[in-house]
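What follows is chain A paired twice: with chain B in the first complex and chain C in the second.
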Partner chain A sequence: MKRKEITEQTFSIFRKVFGDVAHLSEQTSAEDIDNWDSLNHVILIQELEKAFGMKFDLFDIIEIRDVGGLVNYIFSKNSA
Partner chain B sequence: MKIREITVGALPDFIQSLEYKNLHPKPITPARAISQFKNPHAVKDDVALVFVAGNDDMLLAFAGLLPHKITGSGKRIFSNSGWWVHPQYGRKFGLPVFLHALRICRQRMFVADATAHTQSILEKTGLFTCCPPVKGSRFFLRFYSGEWLRKNKKSRFFSYLFSVLDKILNALISLRVSSQLKKNVAEKYSINSRSIIDDDLAEFIKKHPGDSCLMQDTAKLNWIVQNPWVTWTKEGPPLSYPFTYRVESFRQEFLEVKMGSETVALLLLSIRDKHASIPFIYYKKGVLNDVACILWNHLARIKSNSLVVFHQELRMALEKSGKIWLFRKNITRFAGYSKELNPIFAEKKFSFQDGEGDVVFT
Partner chain C sequence: MNENINNLFNFYREVGACPSVSLIEEECFGAVSGQNKDWPQMVFGLNLSRNPAPDLEQILTKTVSANLPEFAVCDADIFNMKTLKILREKGIYPVKIWTLMNTHYSAPVPPEQQANVKIKKLNSCAEIDAFTSLVNTELMQSVKMNPILAKEMIEKNAFGFYGLFAAGELVSGLLAYSDMINTGLYFIVTKRAFRGKGLAAELIRYVTSLYRQKTNKVVLQATQKAVPLYARLGFSVCGKMVIFWKR
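Presenting the complex of A and B:
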């Protein structure tokens, strides 16, 4: 899967979980999304796992700071 | 985001530090910190507290860890002793802080008394095994609407009025209560109140541990009753802390039930603001129905307003004791443990006692 496809799919999952996020970009972080709480955080991870058919390490995920970091993480796991 | 970790050994210095002084709200009270420092099942390098604060010293999220030992092997596991997130600014930090605490304790964590919301988060992480909801009961023994109104800062007039009404109603029910006290089915038993336990009672616990997997020895139980996490003095300015730490009254005592010279049951009774709970109970087979009656008699004598019980056998015994309750309310609590602990919890019959984790301290 190409990085661009991963980015688009990640954006779509963000919209599904958090609703309409204004100015969603790779630089968007948890700070920019109002309803990012603990429950939505784990729901986001579940949705991403389902969409990309992979299991994430939650402990790796918490170090990621923005959407771009998440895309990179998925891309690296996908190409591994 | 920089996550701070405070070890058990560093707690006394932490609560004296400028960092602690400036933090608002506080991630731990001095009473909790000193109590945890004295935990006989902890080692000084155990992390007790994980938190994140903003640049302006505003506390954004914290998670507490309390070490325990399991029966048999004596291996250490940790209960989550508080998980708090600043409602306005801390929501993004809640999960990272909790997962950080989980990683620190090598994913050997249990949660004995969680809300449905917390349990749903834990379940969704995929890192926890969630126990079926635990059904409990609150048995109401006396009317206390006046007190309730006063505590909830309602009108002083109504609080006074309802207090008078409570007194009248309680006087009426005390007639029925005293008749029940006279028909004491448990006359063959004696009950001793103890402030601490000795090695004989610890041996009794060892022989009758029930379904709990956690080690309760003399040192641990005496540490618990001597180091509560709530205070009832009015001294000192109020502390900005997200959980209850100041109450009007709090006391704990061990009730040893004896038949002749033989101990047949041991209960830890907590009374907070006239509301009772039984954090721990150990008993010989076949005596629980009598113990339930003895407990009711004791609570009636000390005029306790209510009793909360999650222990399934004790709850059943109380329900069929035929004793007077004004009414009974069903309550539910949630529990779970990290999957690393499956070999300890999932592979055998177990249940948490009511005071397990940090519940007993408050």
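Presenting the complex of A and C:
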């Protein structure tokens, strides 16, 4: 899957989990989204896993709290 | 037991001894919970076997059904991919990882404080209110610290709230807890607009030098992002802890 496709699908998942996020970009981090807390991060991970048909290493991904980091992680897993 | 973990568990016990907090200690775990779902909300001191997944599931099922906390803090080293997979199937997820760090008292004497900055121990109600407001705005997410609990804590010698003021405004703070063996630093926080200026580092150096005569080590639990900051202050990594949540 191309990185651009992964990015667009990730944005779509973000909007599903957090609602209409203003200025969503790869630089968006947990500091920019009010309800992006630890618990919603678990829900986000579940939705990403469902969307990409993958299971992530939870110890790796729970600390990634920016959109670009998540895209990079998914891209690396997808390419492996 | 890791000294860092020991300090954390003693910290929860000491907070649990405050009037507005409920503390339960059973053979296999402890649970501490503030009023109205305020901080703290944690199951700790878990006695897990070599097969931790069913033990953890049993404990969290018990605490959740008894309206006790749904979060549990454990040593991360005892969990592998297989146990995480089993826990996930039971609706139990890791939500946070803390890197455990400690430093011996070989840290150098802190440099002169920056101009227009004042560091002091917080004592007044107004200062404690400012600290809890700072923590709840900048640090806490779903669970908040109640200022009533913070005021109960300052009555105990084991706790010390410290703040750094810039132009009279509290912009950085932390809570030190001494269990007479080591000192733990908790709730290290700096207001967003004041980050990147070395203020938290200055505050940590000040508090570390204060406690150097009283206890053996200073310990803390860091997010991954903060590890380099603490490493520059002389802290070394000594383990990891994970917080699980039963969904």
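Everything that follows uses one rule, which is that the second predicted complex is superposed on the first by the 79 of 80 C-alpha atoms of A that agree within 3 Å, B and C clash if a C-alpha of one lies under 4 Å from a C-alpha of the other, contacts with A are read in each partner's own complex, and residues count from 1 in each chain.
In this text, a contact is a pair of C-beta atoms (placed from the backbone, for glycine too) under 8 Å apart; a residue touches a chain by one contact, two chains touch by 3 or more.
Please read these numbers as outputs of a predicted model, since none were measured by experiment.
Of the two partner chains placed around the shared chain by superposition, neither chain B nor chain C is touched by A:24. Shared-chain residue A:58: touches chain B and chain C both.
Judged by the touch definition given at the top, the superposed model places A:41 against both chain B and chain C.
In the superposition on chain A, chain A positions 31, 37-39, 41-42, 58-59, 62 are in contact with chain B in one complex as well as with chain C in the other. Per the touch definition, chain A reaches chain B in the complex via residues 30-31, 36-39, 41-43, 46, 58-59, 62.
Residues of chain A touching chain C in their complex: 31, 37-39, 41-42, 55, 57-59, 62-63. By the touch rule above, chain B contacts chain A in their complex via residues 85, 91-92, 94-96, 98-100, 103, 117, 120-121, 124-127. Of all the residues in chain C, the ones that touch chain A in their complex are 76, 79, 81, 84-85, 88, 93-97, 141-142, 192, 223-224, 242-243, 245, 247.
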